[in-house]
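Pasting the structures here.
Two complexes follow with chain A in common, the first pairing it with chain B and the second with chain C.
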Partner chain A sequence: MHLSPDGLIRLTLDQLLSTSLEHLVSGVDQDASPPFTNACGTQTVLSGYTEWISANDPTISIGWDWHLQTAVTGVRWVRVGLPRSNLMLTHDTGHDTSWHGNLEILGTVVDALAWREILPDVVAARYA
Partner chain B sequence: MNIVTGTPADLSSEIMAGVARYRHRVFVEKLGWQLRCENALEYDQFDRDDTVYVVAHNADEEVVGTARLLPTTRPYLLGEVFPQLLHGAPPPHSPDVWELSRFAAVDFRAQGTSALAQFSSPIAVGLLQASLECAARHGAKRFITVSPLGVERLLRIAGFRAHRLAPPTLMDGSPVFACSISCETQVAFDLADGVYPLALQA
Partner chain C sequence: MNTWQGDLLGMADTACTVDAVFEKIERASSALGFEFCAYGLRLPTPISSPRTIMLSNYPQAWQARYASQGYLATDPTVAHGRQSQTPLVWTHAVFAQTPLLWEESQSAGLRFGWAQSSLDAVGVGGMLSLARSSEPLTATELATQEVKMRWLVNISHLALSRLFVSEWVKESQPDLTSREVEVLKWTADGKSSGEIADLLSISENTVNFHIKNSVVKLRTANRTAAVVRAAMLGLLN
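For the complex of A and B:
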C-alpha cells in the first residue's frame, strides 16, 4: 500500500480487506427531499452520504450515498451509486484496475461493512 | 455563453472588475463567506499577475461564471490556507498540477430556493470544461480544488473523473475535501440534457 503522486492510495484487494474501516461522518441530503408536508400518509424521502476511514497511514477514505427505502415490511438502507474514494486497487502484477472496475469492487467491499447497522443511530444523533 | 480566459494582462480592466464584483456577489453576499473586501470587490492574495481567469458572460455581457487557475509551483489556496485537508500529505508542487478556486456558475436571474438549485446551471459544466481545457493549454494534467463534499457527487454525475486526495474534514459543521480532477476527462453526457452539477470550489 502506498500513496502515489496523483494522490491515490494504491493497494491490492487483499490489502484492503485486511484493513479495518471506521465510520467518520454521515449526513442527510438537505436539497434532495421534496417540500415538507404534514399531510398524513405522505411518504418520507430520506437520502444522504456516509464516510469511512482507516486508522492507518496513509488514511484510506471511502464514502457513498444511501437512501432509505420504505416497504410494507419496514425500511431498508440502500447504497446508491458507486463509492468515492482515494483508492486505486491494483492487480497482483501492480497494474491499476480499470476506473469503473475499481469503483465496482469498492462497492462490493462497502456492502460488506456494517454501515446499515450503525447509520440509524448516527443519523439520529446528528440531527436530533 | 461566451467564455474568455487569460491573466489580468490579457483581460480588460472592465472584465477584471466584473469578475471581482461577481465574486463578491456570490461568495460574500450569497454564501456569506467572511472575506476581506473593499467596495464590494472580492480579491485575495492569490489574485496575482500570473493568475489565469476563466470568465463566462451571457448575451448581455453580464458575468455568469468565473474560475481562477493557479499553478501549484507558486503559492495557492490548498497549500497555503487548507493544507490540513491533505491529512499530512505534502501539497502538490508540479507544473502539471493546477488549482481551481473561486469557481462559481450562478445565474442570478434563475429562480430557485435551495443552494443546489442556485448553483446547478447549464453554465457550470461548460465553465468547468473550459477551465480544464485552459489549464491543459498551460501544461496541466489535473486540477486540485477545495470543495464542499457534495461537489464530489455532482462531478461524478456529470461524468468528470475526479477523486478525493484525503478524507473529508468538517469545517463549520460541513464536510470539505481536497479533490483532484483529471484534465483528460470527457463530459459523458449531452449538455442539452439539462442536468448540470454544482461545481463550486473555494
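For the complex of A and C:
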C-alpha cells in the first residue's frame, strides 16, 4: 500500500479487505426536492452520506450516499450509486483496475462493511 | 487478479454455471479456514411457498437428514437470516430451542460456524453458512476475517442471483406506470379509493382504473394480492 504521486493509494482487494475501516462522519441530506409541500401524508425521502477511513497512514477514505428504503421486513439502508474514494485497486500484477471498475469493486466492499448496523445510532445521535 | 477474490469478481461479471460459481465459493471458504459451506437462495414468490435453492458441500448424510427432518423450517440460523442481515456465530445459545438439530450437526462435523444473509432490491434473499469441524471462531479471527466473510456473502449473492433470478425478474417485472405505482403505494398504506382520489386530486373512477390495470399487469386476482406482489418485487420502494 502506498501513496502515489497522483494522490491515489494503490492496493489489492485482499489488502483492502484486510484493512480495518472505521466510521468518520455521516449526515442526512436536506430535503431539497421541490415543490415543497406541508400537506399531511406527503411522501418523503430520507437520504444522506457517510465516510469511513482507515487508522493507518496513508489514510484510506471511502464515502458513499445512502437512502432509506421501505421493505417487507422494515426499513433498509441502501447504498446509492458508486462510492467516492482515494483508492485505486490493483491486480496482483500491479496494474491498475479501470476507474469505473475500481468504483464498482469498492461498492461491493462497502456493501460488506457493517455500516447499516451502526448508522441508525450514529445518525440519531448527531441529530438528537 | 488470481486470488479467490479475483475469481469471484470474474464470475460476477461473466456467464458461469451454478456448479462453477459454487466451486469458487468453496475455494474462497477454504481460503478463509472453513471446510464446509452452504448457500441458500430464496425467491420471494409464490408467497405461499417461496422457491428455495440450496447449494452445499456438507456431508451427504447430513444433507439428507436435514431435508428428511424438515430442519429448514426450524433452523434458528435460517430464522435469524430472515429477520436480520447481521452475521451470526453458531453457539449453544443460538440452538437452545433446537437441541437435536445442534447435536446432529455437531456429529456430522459441522461444529463451528458462521452465517449471514443478504436481501436485494427485488426481495431475493440469500444466506451463506461457513462451517468447520475443529477450532472455534475467536474474536481475533472475526476481527481480521469478518469483512472478507461478509464480502464473500455479497459477491456470492450477486453471482448466484444473476443466474437464478434474471429469468424470474424478467417474467415478473410488470411495466407499471408511475401513477399506478403511486396508487398502489397509497393502497398499501390502507387508503380507500376515495381517500386516494382526494390525496391525488383525481376521481375515484380514475383510481379504480389504475388499480384494475395494476391487477392485470401483476397477474393477480385482486388489489390486495397486487399490492403484496408489487411490494415483494420491490416496485413500491
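We adopt the following convention: the second predicted complex is superposed on the first by the 111 of 128 C-alpha atoms of A that agree within 3 Å, B and C clash if a C-alpha of one lies under 4 Å from a C-alpha of the other, contacts with A are read in each partner's own complex, and residues count from 1 in each chain.
Heads up, the rule we're going with is that contacts are C-beta pairs under 8 Å (C-beta built on N, C-alpha and C of every residue); 3 or more make two chains touch, one makes a residue touch a chain.
If you're wondering where the values come from, they're calculated on a predicted model, not measured in any experiment.
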If chain A is used to align the two complexes, do chain B and chain C fit next to each other or clash?
fit
Where does A:L17 make contact in the superposed view: on chain B (first), on chain C (second), on both, or on neither?
second
Considering only C-alpha centres, what angle arises at chain A between the directions to chain B and chain C, nearest 10 degrees?
150
Please work out whether A:L8 is in contact with chain B alone, chain C alone, both, or neither, and reply first, second, both or neither.
first
Please work out whether A:Q69 is in contact with chain B alone, chain C alone, both, or neither, and reply first, second, both or neither.
second
Please work out whether A:V109 is in contact with chain B alone, chain C alone, both, or neither, and reply first, second, both or neither.
second
Mind working out whether A:S47 is in touch with chain B, chain C, both or neither, as first, second, both or neither?
neither
Closest CA approach of chain B to chain C after superposing, in angstrom, is 21
Can you pull the chain A residues that chain B and chain C both touch?
none
Of all residues in chain B, those that touch chain A in their complex
87-89, 92, 94, 114-117, 142, 144, 149, 152-153, 156, 161, 163-168, 170, 175, 180
Touching chain B in the complex: which residues of chain A?
3, 5-8, 24-25, 27, 30-31, 49, 51, 53, 57-59, 61, 63, 65, 81-82, 84-86, 99
Taking the touch rule as given, give the residues of chain A at its contact with chain C in the complex, in rising order.
12-14, 17-18, 20-21, 41, 43, 69-73, 76, 78, 91-92, 105, 108-109, 111-114, 116-117
Could you please specify the touching residues of chain C with respect to chain A in the complex?
1-3, 5-6, 9, 12, 44, 82-83, 85-86, 119, 121, 123, 143-144, 147-148, 150-151, 153-155, 158, 185, 199, 231-232, 234, 236-237
